[in-house]
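The same chain A turns up in both complexes below, where it pairs with chain B and then with chain C.
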Partner chain A sequence: MLELIVKSVQDILNLTDKKLAEGITADTPLVGAGRVVDSIGLVTLIVDVENRVAEHTNRPISLMDDRAMSQTRSPFRTVGTLAEYVQELIHADLKERS
Partner chain B sequence: MKTNDLIERLESFGDTIAIIQQDVVVTYQQLVLNIHKYTDLLVRNGVVSGDVMALEGDFSPTSIALLLAIWNCNAVAMPLTVASHDRRERCIRIAGCRWRCHGLNDPPRIDRLYSGETDEQELIQKLKHRNHPGLILFTSGTTAEPKAVLHDSTLFLRKFRPSRPAMITLAFLMFDHMGGLDTLFYTLGNGGRLIILNGVKRSPEEVAIAIEHHRIELLPTSPTFLNFLIMSEVYKNYDLSSLKRISYGSEPMPESTLKRLTQIFPEVNLAQSYGTSELGVPRVKSMSSESTWIRIGGEGFETKVVAGQLKVRSSTAMMGYLNAISPFDDDGWYATGDMVETDPTGEYYRILGRASDLINVGGEKVAPAEVESVLLGADNIADVMVTALPNPILGQMIVARVVLLCPEPVVELSHRLRSFCQGKLAAYQTPLKFEVVERLEQTSSGKKWRNKSRE
Partner chain C sequence: MNSPPNQQRVMLVTGSRKGIGAYLSQYYADRGWHVAGCSRSPAEWGHPDYNHYQLDVGDETAVVAMFADIRKRYGRLDAAINNAGIATMNHVMLTPGATAERIFRTNTLGTFLIAREAAKLMVPRQTGRIVNFSTVAHPLNLEGEATYAASKAAVESLTRIMAREFSPWNITVNAIGPTPIDTDLIRGVPADKMARLIERLPNKRLGTFEEVSHVTNFFLAPESNCITGQILYLGGV
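Let's turn to the complex of A and B:
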């Protein structure tokens, strides 16, 4: 999952010609200090991740809903937390189906 | 202009052909005879000044003569085409119609809906007091109660003094829309020839056949239709060389569509029109065939821009709505709801779209039409509609629903279109989400139905 999101961030940064001094890791911030994307970039990234996950799992997934927004700690803090959140949703979805 | 003056002018065109519908050919002389015949028929039935009459049926030689006969009786005509079938009963109730007639057959059928006293609308009383005939049109709202727009026909007809060359013109727009009536009176008022298609659907193929067969010179249409004409490539299969002028209105023209049109029809004058049910269709001059900049004006027609929105004051505007409060301010200005851009000279405007369609992305306002125009220039895009989705981070997020020419996975499509928009649109204007759909929703008048998804 981390890989998928790193790829997605990379694609979005390539689009804006933004060069990062270091590579993208789980710790790369998506919001707050040192963030690599602005608010529009963040939403673009989330939609892109939704698309990629749906392509992989054949199940639509919604990352920007009340559940995400009402978490005490935002799942959109870093590349790593986003990956965890996506993983969590996929598991929950699998459980529901089984 | 009085109805009588118009009828006299029609009479002066004698045995020139006025209307063709399939194998029915009507000369101006015959048209005037029919107007008089139907006027007698209406009078004999008991139609009097100020009566509101639903006129059902699309464009036909009969419905056209009936419309003028109703006006000749100083009554109020309310055209209703087949397309507005669902709304018919509601419209008849809103307008307080006393009569309904059918313009499909000759002689027309006339039914009295009720007799006796009614609570006459204040505006209708005012019209009756002026001793002028009237016209009721309905705004093409899709969900809310349609608004009944009342025009004083004498003022409405004022702009149709002889002024333009007589042209062979296709009645493309609807009989119960301002654009369709504008086509009708421009054509007949100048001694032109009106070509009527059968049925309410206007396919590119059907229109192309009519142009070739009747040597049509003027095609008044919409950007959406022109886009389909380009995509379907039917223009390649027919001789459309008779076309002299294509006018388009009712929704913003994508620059990309206009550019393709100038390539396909280099000899044709491409002219934007601008009109609403409330204002009628004022004189409009496009800066050039390739330009979406227009000058709106003419006698008794003033414009100004307030907070990006076009406001108009016109002596030939409607009298008001029958079922809604007056939209005019104390000085008579009408807010069109259309957002415009003004050129440095202040003379020309560019229509960006409806104020109600504007998308608010994190505080930045985006006109959907501007985004659609860019996307239509990308490969593999047949059509596109840009709308908003609520978004917890940005307030609203731009979504582009695209119709593709060939299948393409959405991840690749999104990347391709995002890079395509780079440098053409600001980041906040670029759609964040792309959805592939089979076809786009349209309103009954053939415009993109952006609000459908919000319902």
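Let's turn to the complex of A and C:
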């Protein structure tokens, strides 16, 4: 999942010609200080990840559900926390279906 | 169901079983688009370039599932026409809460859900057109149409704000406000009430399907890339 998110962030940065001094890792921030995408970039990222996961798993996924909104710590903090969150959602969906 | 070649433009029309939605679906299918349509009941017509989904636009799970299928089947969406709508003519003091809720669910929440999911499908290609449906009943403040007009006033607000929010991806969002057209939506309105309504219009007659497609053509045109957040009323309102 981390790979998928990294690729998505990279594609969005390529659209804006933004160059990072360091590569994109699990610790790359998506919100707050040092974030690599602006607010529009974050929306694009979330939509892109939803689209990629849907293609990958053949199941629609919504990252902005009540669970994401109610968490005290945003799952969108870093590339790594987003990857973990997406993985959790996929597991929850699988569990619900089984 | 047919799957169009990837180069073919894909449009979604809600409320496509009959009336304006059926007309627009056939109109654009005849003009090279592949049209996906939806309504709560099966379609009453067919076309080689038309696929029908059966769902309630106010049902979020069903709407998301439809868009997942559109994504899988076509891989793109170029335009969405939010035509599905229901109305009731009644005095506010005689309107049950359940009726008001049903009208807002289809007209307002339905428009919101369809536009949200359509935009998500349009983001990867960085372009798209969304056309919503308002009504002249809102600016004319028609008595007896409080819930219907209010649900469409909310659609106008959604249209203007979504136009701003979606503009970074070159997705335009506009709305058409047709005058009454001879469809099921107005068939239950007593003749004298309809006559009084028509009398309040600068253009004192019912509208036509062709006048609606004239406006949707304008909003959908490639040259309309900077036409967004606009509400275009028919009938001189």
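One rule holds for everything that comes next: the second predicted complex is superposed on the first by the 98 of 98 C-alpha atoms of A that agree within 3 Å, B and C clash if a C-alpha of one lies under 4 Å from a C-alpha of the other, contacts with A are read in each partner's own complex, and residues count from 1 in each chain.
Definition applied: a residue touches a chain if its C-beta (ideal position, glycine included) is under 8 Å from a C-beta of that chain, and two chains touch if they have at least 3 such contacts.
From a predicted model like this one, the values you see are computed outputs, not experimental measurements.
K.L.:
Looking only at contacts as defined up top, I'd like to know whether chain B or chain C touches more of chain A.
P.N.:
B
K.L.:
Based on the superposed arrangement, let me know which partner A:65 touches: chain B (first), chain C (second), both, or neither?
P.N.:
The answer is first: A:65 touches chain B but not chain C.
K.L.:
In the overlay, answer first, second, both or neither for which of chain B and chain C A:96 touches.
P.N.:
neither
K.L.:
Touching A:22 in the superposition: chain B (first), chain C (second), both, neither?
P.N.:
A:22 sits against neither chain B nor chain C.
K.L.:
Quick check on the superposed pair: does A:42 touch chain B, chain C, both, or neither? Answer first, second, both or neither.
P.N.:
First partner only, chain B.
K.L.:
In the superposed arrangement, which partner chain does A:3 touch: chain B (first), chain C (second), both, or neither?
P.N.:
After superposition on chain A, A:3 lies in contact with neither partner.
K.L.:
After overlaying the two complexes on chain A, where does the chain B footprint on chain A coincide with the chain C footprint?
P.N.:
40, 44, 47-48, 51, 55
K.L.:
Help me check something: in the complex, which residues belonging to chain A touch chain C?
P.N.:
The touching residues are 40, 44, 47-48, 50-51, 54-55, 58-60, 62.
K.L.:
Would you tell me which residues of chain A are touching chain B in their complex?
P.N.:
On the chain A side, the touching residues are 11, 15-16, 38-44, 47-48, 51-52, 55, 64-66, 68-69.
K.L.:
Considering only the defined contacts, which chain C positions touch chain A in the complex?
P.N.:
Residue positions touching the partner: 64-65, 67-68, 71-72, 120-121, 123-124, 168-169.
K.L.:
Can you check the complex and tell me which residues of chain B touch chain A?
P.N.:
Residue list for chain B touching chain A: 361-362, 391-394, 397, 409-411, 414-415, 418-419, 422, 427-428, 430, 432-433.
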